[in-house]
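Input: structures, listed below.
The same chain A turns up in both complexes below, where it pairs with chain B and then with chain C.
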Partner chain A sequence: MSTSVSSRTFLPERDTRQRLIKWIVALLVPVMVFTIWSGESIINAVISPGTASGNVPTDFPSLVQAAIFTAIFYVAVIALAGYLVAADSGRRGMLELWVDVLVFALVPLVLVIFFGLIIGLALCAIVWPVYFLIRNQVRKALNYTAPSPLEGLKLLDAEQRVLVMERAIAGGFWFGLAFAVVSLIVDLVFFISGSLTTTLLIWAIVRTILLPIAGYFLGRLSGWIALRRTLPARDSSNGNSQSSTNGIGNGRSKRRRLEVLSTSRAKEEVKDLVPNDLPLRSAGAQRFYLIILVAFVLFYPLIDPFLFGFGTDGRLAGYGDAGYYVILALGLNIVVGFAGLLDLGYVAFFAIGSYAWGILGSTQLTNVLNLAPVNPHLLSWLFWPMLLGGALIAAFWGVLLGAPTLRLRGDYLAIVTLGFGEIVPIVFLELDKYSNGPNGIVGVQSPAFFGLQWSVITPTPYYYLILALIAITIFANFRLRDSRLGRAWIAIREDEIAASSSGINLVNTKLFAFGAGAFFSGIAGAYHAAKLGGVSPDNFNFTDSVVFLAMVVIGGIGSIPGVIVGALSVYAVNLFILAQLDTLAADPTNFMFTVKNSIIHVIPGFTFGNIRNLVFGIILVVIMIFRPEGLIPSARRRRELRHAEDEGPGGDVLDVVPGAPGFETEVRVE
Partner chain B sequence: MSAKPVGLVGEPVEPVSSALLDLSKVTKHFGGLAAVQDVDLQVNPTEIVSIIGPNGAGKTTVFNLITGIYRATSGDVRLEGRSLVGLSPDQVVKRGITRTFQNIRLFNNMTVLENVLVGLHTQLKANVLGSLFHTPAVLREEIDARKRAIDLLSFFGSELVVRQEEYVINLSYAEKRRVEIARALAAKPKLLLLDEPTAGMNEAETLEAVKYVRRLRDELGLTILLIEHKLAVTMGISDRIAVLDYGRKIAEGLPEEVRRDERVIEAYLGKPSTRGEIAQVDEKATE
Partner chain C sequence: MSLFLQELVVGLATGSIYALIALGYTMVYGIIELINFAHGDIFMIGTMISVTILSALGITAESHPTGFTLIGVMVAACLGSMLLCAILGVVIERIAYRPLRNAPRLAPLISAIGVSLILQDVGKLWKGINFISFPQIFPKTSYHLGPAGNGVDISSVYILVIIVAVALMIGLQFMVTRTRIGRAMRAVAQDREAAALMGVNVDQIITVTFFIGASLAGAAGFIYGLQYGSTIFSIGFTLGLFAFTAAVLGGIGNLVGAMLGGVLIGIIEALASLIPDSTAPASHGFGLPHGGAAWHEAIIFAVLILILVFRPSGLLGSQTPEKV
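For the complex of A and B:
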């Protein structure tokens, strides 16, 4: 669709004009704030290192990295704000959209700048739900009802489609131009006041030219997106090759699908088809987040120095730890989330996996058996088969320990698994000869790989190892969930009697769930032992089992993305932020220092370490009250809870016999 | 009465080789309570047999005894001459008996299609490794399973096929019943046990249900044992009727015979005044 920019294009119609103003303001503000506040300082630091603070490296590769990072960061911020605008149905008021953009794009920026990435994002996680809560209350007070999603479903003929595209291009162009001019003026002010070098001024001028061009193409893109979200009029699409591009075919088949679906289902489908007032939750948005996220995670070791400047290795090591919690949570999710078997002793299998590599990957086994020690280099290579071996050993014990619990359900099952969780670590503690008892095992080999250094000082290989392991775990989880076995697990969770009356062998299926769950904790255990370079029986407590379970429940039982988020957020809050509050409070320049001092006035001898579990507990309670289905619930689970709450009366109506009133009672023999 | 009576009625059936399902002296005690006492029942191939009786007569208990949910205290349950006693429910399914439940037990948070796919569980062979690596055999099997599931749903017309992606909790009561039957059919049973297939349905839906129960036998060649509260329905579709009261079989025979059996009438049909109405509804149901 090659549309030239005509004079008509530059004069949008009145209804469109208002919408454009709304969107441009929404887009411009966050970008400006980012540019002035932190983005510029990063570019400054890279382009003219003399004026920069910190120890940012200045060699050529670093410059490339810096450029990549800056581009990614810019794109992420623009895209976030842009997506909010693009996906907005246009039916919301200006103020509402602006407030949304403010909260979702600006607040994180400001928080990250002030508190650093991790704490900033964690604070966002607190700010956003509070915002939602307030917004809902305000809406309720104003009797606001969200427009039906179907309302926005428009039929456009070929001419109208061209017009939409033209407007979108115009919008993009104007936006780019306005953005460029405003930025240029700001930079000129800085230049005149002397705080901007000439090199940066050249960059600013180049940007002034580039931005409108980029705006033009971004406008085309948004036009394309907008067209995807409408339906072509039936007649015009016949033999009209020009308008049959741009995913129109997709729209048509979707429409046909909508026609045959019931209203309740159609409403869910249509959410992703037409713009709605929950743009951040649409399928398109989620795909977008995913791409950004994967890119970010993959390049993180390169980006980190520019985010924080120093201490990269320490943080990477920390993320390596967070990673095995993700694997553990995903494994437990199979048992608890898919098959619905409450397991309070999951730490047992983690311990088994750890000791599997701990005993074999150190001199422990050869010492016990009075053999000559294996060449450490060779032993390191054994890590890879033992990753699978440890997992299989754990799975074996998972099946073995699962067997006695098969006839138990609910609370009773939980108690018995709790017992196993206690027994296994104690066995390792008392099994002096093999496990070295309370001293644990030291000198466990790290893995070996061509040309890589594995040690505590160089955590990057571990970071990528755990990424790979997580990727494998996620892949396996999805495949298992969508398989014959996964269906059987979910069926058992829903209704054991119906499942077994459909031919599902309860014993085998449950044992498979225990085995699969234990398998992944075995992987996590082997990794844990290798990374730590040792195994200690203190690492496997009942509280760990509870933390794993909290990760699953908070993330969303049965939801794979939810559990990943749950694992990371519980790790971040419980083991990272809460554990470090005292360290932060020791620094007089930090905000927490003031907080701690003001509390100490009331409670003498106060430390954050003392109330860590209290704070964690309060967070758990609050989450369970306000979001019982978890952070990212699975579709099933969300439906279940929603139906339990809202549709009680609806269900009753269905139960009432709709036919002749007396029919039932007359015919029934009772 | 359009259904033709098959089976030999009333005669004491000693080891009848032709009987598909054979219950002999089946007894189930819960503590001191005899829920089912010395029940004998034969179901011949392609027969529709109903079990009726007042609430608490032990009808559903008989179903649970056949399908392995309960284990009989004494007596024997045989399918094609092989005993089912001591088998778990899933083993009974593999032998060729599936069932539906009185208060529909679908997997509410799964879609219509997924429910039937669970029913196909015994027909699929995919193991864990195959599912993980999506071997060609597993992929083909999954595709075939979906086709088969849609075939099964289309037994009840196009309505369920269209709504295959829908979560069953959104379906109407009658539709849920159909999905439950489709799920039971998926395991390729020889004998289908229907526990009150028309419970909670209005008149039109009941007539529809009666029709498809007949079609299950006529088109798919299934043998059907059903529990039914609506006498009209039972009279209309059954080849034979067995009457339970207080866990004992008090009568068995052709619908006409059972209807006139004084013991049955006295035991629980109660007041003679209702009989006329029953006859009326009966005519409607058998139209």
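For the complex of A and C:
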């Protein structure tokens, strides 16, 4: 393909122009909101640290990090614009997309700006289902049917591939230009009103020139990414080559395969191709989201003051707590989601993990054994091996307690796990010689890491620790799911007898599920004990098991991203929002104050904390009635639940011979 | 020995309350294979309804009605509690479970847990977060059996509790085995589709099941109040858990099993308090730290697990081979 700058980049054709307008508007609005809210102030602080106000960090390392974050963010957004323009088939309307972007990008942004991160996102979890409901109703009323993805499936010849590349470049370039111009206008207004320094004005002008150029090259990059997801046609010029199995010829066979697949499966596969009808949901676009998300999460402690002002430490501590809920939910997902073993006593393993570090990491053990206390500094270092040790102890107990349940089915299994969930905390409560009984263990050491400060007032190390632990857990979950063992779990979940007939060892597979699930709760427990600086037996009740289970089910059973979202939203609703409401209601100037007072007239002694379970219970019931498959169901489960309406006449046809290349992807289970 | 017998009597009375609640669990499970976690909380609401009816009838902790007044008041409170709980149970089924009839298996379970949480907070908002006292209207006399100084004291309340519970259980058993509606219930439990084909109105039968189960919980609420004299919003959770354990112990879905399981759990709980405190000097290290009473929950579950290991479908549950 030609490397010269095509004139079509600057003067796009009508089709490309439509896509450009569609996507630039869709992306520019949320990006501008973010920029005006905080993005601008991060850049300004980096360019001219003197102008920074508030508690914004101005030391050199922080500024470098801030610069890296903003660079990654804007680069990813510009490249995303290029990709989307290139990948869009143009068959879906502009208005529909804009409404979607409004609800899924702008509303969260605005909610987060006004209510803070966790509450904002949790509110989104309420707004989105409502939106889905309304959208479905509207579609039903308008007799809307989505265009069939298989019709748009086409092989792209060399010319069309050049067109895709040009569209990507045009997308990147024009988005960069539009963004630069709008920002420049805003900056000029500020400059004229005198609130912008000259340094920053120079930057604004430099940026206006830089952004379109960067856009051009980023568009190239995203065009390259988009091209990798096309179905290339056989090139007529070298039609005599026998390369039908590799590269070029693959497109046609893949297309044929997609056409024979069952409708629901094909729909999933087709959305990853370029062009498609829903490029925002395609795997290509998801790469960009992932980049932005990872950058955001990694640099979060630094950009938090820019985003939300004072109180960073408190918020970070809160997110650290949310983090171990994520690990717990992911661990439980292995047992309940993958292997289909209903576990109502998961809190037992969390307790075991917590007490493992609690007893060893404090003076408890040495007191019991009448030994001289270990040097606290050395003890702190022991946290790292004990993170693994606690997890292994929990896993051991997981296997041990799982063993009696092997013969049991369904709800009998649930009640036995529930029983263990009740017994283990009682054991810890009553064996007070080792666990210090109802008083719990205090003075548990925090981890040590080369001079880092680990305490309540410096939660950043805990934030990164939990981040690393979550990353490991997520990675392990994905690998486990796709492993031989994971497939065995799913087989057991679907049909125990069939799985057993296919040569799966039920005993080992189930025990591994219990062990793996407990392993992660052990990690979460050790972290929990270290962060809290103590262990209290009150933290391990049946209610907690229920909350963990609710996280898994609300998020989407068996779906890893779903479970993460479920854990965060349940944490937010259950432990964050209602507590927050009481704080708000304590402030006489706030609207909630009057709300609370009017309720107190009817129900004396009312606090929002008091109705925590009520609200949580209503949310559980409502979600189960309207979306029993959870917020983000796994693809497989979605297929199962939507089976009747989606299944085409072909049914689930296997069109790849077992053993042939591609068979693995064909039968892969999620 | 007398201590043992004494605890046996206490266990029998407690166990009959468990059995009444367990019947609700087991009936619902038998029909729609759902662990109705909200059932224990319906029982809790039942205790609170009883208190409210009693105070509405002008009964306070000091008033001691006798004769027909006493019987009238008690019947009114018990029937009122049964009726209101039954309506509550039916409403819950209609709102929270019926839309999920064909949903994935975990969905109604989570919904039930949600309803349980809602009811707990309703109880909390209604009667506060502390124990509320239940008027002790039934005259407490103790009957002594056996030789003086060594025998069993049986409180009149225990006798009443056991009589009411047994009467209700016999009534239920009669209804299920001998009446038309009972036959329909058994048919639905056995095979819902086939029952529907035979002209059984399945939705109606499920409603009736919830009605009866919840009304038994309401009755249990009333007699629980008579026996213990106080109630609190969290009582439904604890007792519900034991009752559910009882239902599983007996073989869930089996009515006689639930009764047997309830009585067994009550007796185990009572006998557990006989285990000495190993930290006390007199025990010579025998027993459990802080005595058996502190461990009774763990002991109940341990017994349950042991029984399930050897009889995976409970004591009286049928060992059905898994369908292919």
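Everything below uses one rule, namely that the second predicted complex is superposed on the first by the 388 of 670 C-alpha atoms of A that agree within 3 Å, B and C clash if a C-alpha of one lies under 4 Å from a C-alpha of the other, contacts with A are read in each partner's own complex, and residues count from 1 in each chain.
The working rule: a contact is a pair of C-beta atoms (placed from the backbone, for glycine too) under 8 Å apart; a residue touches a chain by one contact, two chains touch by 3 or more.
In this text, all values refer to a predicted model and were calculated from it rather than measured experimentally.
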item	value
Touched partner set for A:D411, first chain B, second chain C, both or neither	second
Partner chain in contact with A:I603 - chain B first, chain C second, else both or neither	second
Touching partner for A:A476 - first (chain B), second (chain C), both, neither	first
First (chain B), second (chain C), both or neither touched by A:I497	both
Overlap of the chain B and chain C footprints on chain A, listed as residue numbers	497, 637
Chain B - residues contacting chain A, complex	52, 54-55, 67, 69, 88-90, 93-94, 98-99, 101, 105-110, 114, 117-119, 121-122, 124, 126, 128, 131-132, 134, 138, 142, 162-163, 165-167, 169-170, 172-173, 183-184, 186-187, 200-206, 229-232, 268-269, 274, 277-278, 281
Footprint of chain B on chain A - complex, ascending	260-262, 264-265, 476, 479-480, 483-488, 490-491, 494-495, 497-507, 512, 516, 636-637, 639-640, 643, 654-655, 657-660, 663, 666-670
Residue ranges of chain A touching chain C (in the complex, touch as defined)	336, 342, 404, 407-412, 414-416, 418-420, 422-423, 426-427, 429-433, 496-497, 542, 546, 549-550, 553-554, 557, 603, 605-606, 610-614, 616-621, 624-625, 628-629, 637, 641
For the chain C and chain A complex, residues of the former touching the latter	29, 33, 35, 95-96, 99-100, 103-111, 113-122, 124-125, 128-129, 237, 241, 244-245, 248, 252, 288-290, 294-295, 297-298, 301-302, 304-305, 308-309, 312-314, 322, 324
